[in-house]
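Here chain A shows up in two complexes: once beside chain B, once beside chain C.
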Partner chain A sequence: MASPLVLLPGDEVPSRHLPSNKSNPLKLGPGLRLLSQPSSTSQNAQSQHVLTATQAGIVTTDAKRNTVSLLSFPNRRYIPTVNDLIIAQIHHSSVDYFHCMVTPHTAHALLGQLSFEGASKKTRPMLRQGDLVYARVLSIGLGAGAEVELTCVNPATGKSEPGGLGPLNGGMVFDVSTGMAARLLRASSSSSEQNESIDGLVVLSELGKKLESLGGFEIAVGRNGKVWIDCSNAGESAVKATIAIGRCLQTVDEKGLGPADQKKFVTRILREMKLVS
Partner chain B sequence: MSKEAPLSIAEREFILEALRQDSRLDGRTPDQFRPLKISFGDEYGHVNLELGNTSIIVRISAEVTKPRDERPFDGLFNINLELSAMGSPAWENGRPNDVESYVTHVLDSVIRHSNALDTESLCILKGVSCWSIRADVHVVAYDGNLTDAACIAVMTGLQHFRRPDAVVRDGQVVVYGVEERVPVALNITHKPLSVTFFAFNESKNIIVDATLKEEQASEGELVIGINNGGEMCFMNKFSGATINAREIVTRTSVALEKVKDLNAQIDRAMQADLALRAKRGMAEESRAENDR
Partner chain C sequence: MSEEAKLSHTLVVSDLSAKQRMWGPRSTKNRESFFHDAAGPYASPSSLRTTSKTDTRSPSRQSNSGQRKPTTWLSFPLEFSFSTTMVGPTASLSNLSRADGSASFKCPTTGYKILGSVNAPVELPGRRDALKPEEATVEVFIKPGNTTAGVGERYAEGIIRTMLQKLILGRERGFPRRGVVITLAIVGGGAIARGDSYLTLLPSLLHTSLLALLSGAVPMSMTYSAALMAVSKSNVIVSNPTLVEAKAASSLHVLAFSSKGHLLLNESQGRFDFDTWKTVQQRAHALCRGVELPEVDGDIAMEAQGDSGTAEGFVRETVEDHLCRDYAWKINTE
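Let's turn to the complex of A and B:
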């Protein structure tokens, strides 16, 4: 791919930038909308479909999975989009639902009491107020005041797909910008060369290499700007390792460090926290 | 909506566990403040302060009014704090909340009631006219430790502010414009600042300058207002877990050390700004053309 294509809200995505894979339907990421535009000539009754951006960002495509999405700026506000993976906090529970906070001071999202892997009336998880769940946005409803619904299970298979959805135990949550969260998610899912050219995010792989000797770490990234980290394998230095990872992610996010600086910073922090010699 | 979003259980437990091991989320030591950044606006008494992610703007202003009848020799000094929705989504415009009254109370006690600003020097003509100094505190971003940050900002503003010169001539009060006479600095008697300590784990861990998350996980807090000379002008433990008396004594000396350090930082920022102004003022005067 040559130079990245930057779109502003309202711009159309040129069709030559779309992946040419015809076997799967094209999937749209957040920040893009499919609009049907009545054609200008009256003879042609068929309306045309165009993809327009609702946010400013760089167009990114994944040919393998036939997706097109916008890599937007590291803003703080999160707007739920279907299929986003998020980290939600239980606020209270009612008969059928857990009421979750996705972002503070917005309407609660609903998570069905039975939308967990293998959950039945008897085996459903008993979540308390303040517990964290890793969930997928199932639907966002239509219009103002619509309720966002979450799920921790794929309704088709009954499994927690993609893996790891469900309650998060222990660990620590760090806040990052939503743009950073999106980058982290992409870094873990797409092929490495492609994402280094666009994202330049090497902090996670670097941390993974350096902390392997301590027992590694578990990480869950929520599109709502939250990153959950658990290092319980690391024994005594678990707390320090968790803090080190959190600080690395937050600093890379705030200062927008490039790949070389990220590596340097990771080394510096780990040495400062006395985790590696 | 008037409450901060509560911490999750995982976060609370992690913060407490980390403090038990003497670590903080941002790698600071228990007695370390976040980086303090002070800058000044174009006018005297306009301070932008950043303490980590907490950001505050203070404007000091002066006007001539009539002194109160019971204190004809005293000028007026007020600190005005209003938390708007800009600072945190938990605050609503025009609806006072607990944080607001609490911070106002501490600011009043530490700065106003300790007479940091000599109000008698604000008198122009007995019982007829005096200066009324007003400090407006705006919170732009809130990430914990509002009290200390606001205190530093107001004290910096008071030291930076220059009021117009005023004299009494034939029983008439004459106020000179800033162009006519060099404006006068306020008479600061001493420089008190507040230092807030937060207690965790049955008061075994006590830290300064907590971030919002740490504040939410804390069990109790202790506010100490102290000046450079070690004179304590305010101490309060509003609520929360008990703190050992001996602990309070040692914290007082920590507070003194912190206040000395903070005051030094304020002085440095002030000197740098005044030097810049002096240079700019000279340049202004030595310009050949004048704007008509």
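Let's turn to the complex of A and C:
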């Protein structure tokens, strides 16, 4: 990808950029839409449809999965999509639901009182205002003004799948851009054996290596641009370690540091905060 | 004719033709008034007349240092105004960390600096019933740097809102019944006093809101570009006029063109006839989208401009630069 193809709203995706995989239908990612061309000059039925961009972004294609999508600005607002993992904050609770905040200035998302692993009417988690949950988007509803529903359990199995869903106790939340959150999620979902940097991110593996002596840390990444970090094993320096990790992630996000710079920055921050000699 | 005199002669002529190319076709009849407009206080018509006389009728006298002086002196203000028109606007994206999208834009000729932010989609408080049920509501707020918003700002807000409502895809997922809130703060440049024309500010506001919308990844059907044009009292069209030129003009025009060539916005004020407006529209179209204008004698009036010289090319370059910087990790690894 030497010179990326950048599209602005209204631009057409050139057909030579589309993956030429005929076995399964082409899937469109966010930021693209299919329009039918009104011109009658083209006889070919294939070329009567054009793909146009609705946002500014870099065109990326995946030949294996036959997808084409647009990478837009990383600091955009998060719009809930089914099956996204997010970190929500409880605003208030009603009889059946917890009302959660996902992004600022949007309507509350609903999280069922019983949609936790092993929850029954008697053993349900008592969450208070301000508590955090790691949840999955169950549905976004149909039509205008529909409510977003969250869940911390897989309704089919009754387990919290993928692991780790549920209330987040202790720790601290840091805000990152939605693009960075997506990157972190991709990096953590791929196999951790390979030492190669995934999506140019080495900051987490570097932090993990350096903080191993302190007992490591726990991290949860929400697609809505939130990162929860807990270092409760670190004893006295738990707070310092949490802040250090948060600062590392936020700076990598803001300054767009490359892999080498990320390593340098991690070392600098940890030394500044006297966590690693 | 001495060699030196010929040189200085061609220098003046090339300056003139470059100037004319910038400002389009013009008959020799109103060249004088044109200079008066373009060079402003630096060149008076009388001094011009004397130089043109020496240029055309007795070029040998130019070797005389006393006669040559006005030539070199004259070429300065010409070059000066030439360079100011060539300095492009400056813009940056995503300056504000808490807004969903933001942009700042500085117009070199009018001196206005605008900081814009976009939040979308957001819940508009307490007005759910007043919102359109199937579409997003676009709200525009203009904040002057030194006072509270008044009638002039409301007027400009209305113009921008009507235009953007047609471009923003308010039916995309997550947008119906929500608001797209655009806040434009005038952070630099002169203040617009009560009763002054708001048209000088309008292109900067439009460009800022476009860049902010793009940086907030608000779905839109197309982009646009805008231009400010002035027609002076002597019927000379000035593209991208300064505030002084705009104040002296007999009519002011703001035109916006979509990236597909539609005329999206036409705001005019002052006295003008339709032919003037037609020329203004062509000139503005060339300024925004870089379409070449045929000159009277069949020559090409505009230099073969690439994307970079036009307002549309500027928006595209700014966005491309920023995206490539944001995704450097991806571009460099693949």
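We take it that the second predicted complex is superposed on the first by the 195 of 277 C-alpha atoms of A that agree within 3 Å, B and C clash if a C-alpha of one lies under 4 Å from a C-alpha of the other, contacts with A are read in each partner's own complex, and residues count from 1 in each chain.
The rule we apply is simple: contacts are C-beta pairs under 8 Å (C-beta built on N, C-alpha and C of every residue); 3 or more make two chains touch, one makes a residue touch a chain.
Note that the structure is a prediction, hence the values are computed from the model and not measured.
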item	value
Touching partner for A:G200 - first (chain B), second (chain C), both, neither	second
Which of chain B and chain C A:G57 touches, first, second, both or neither	second
Partner chain(s) touched by A:G222 [first = chain B, second = chain C, both, neither]	neither
Partner chain(s) touched by A:H105 [first = chain B, second = chain C, both, neither]	both
Of chain B and chain C, the chain that contacts the larger number of chain A residues	C
Which of chain B and chain C A:L132 touches, first, second, both or neither	first
First, second, both or neither for A:G166, with chain B first and chain C second	neither
First, second, both or neither for A:F73, with chain B first and chain C second	second
Which superposed partner A:G29 touches (first chain B, second chain C, both, neither)	neither
Chain B and chain C contact sites that coincide on chain A, given as residue numbers	105
In the complex with chain A, residue positions of chain C that touch it	93-94, 97, 100-101, 119-123, 128, 133-134, 167, 169, 172-174, 176-178, 214-223, 258-260, 315-316, 319-320, 322-334
In the complex with chain B, residue positions of chain A that touch it	89, 101, 104-105, 128-132, 168-174, 228, 239-240, 242-243, 246-247, 269, 272-273
Chain A-touching residues of chain B, taken from the complex the two chains share	1, 4-14, 17-18, 21, 23-27, 89-90
Complex contacts: residues of chain A adjacent to chain C	1-2, 4, 6, 8-11, 31, 54-58, 60, 71-77, 79-80, 105-107, 140, 143-145, 179, 197, 199-201, 254, 256, 258
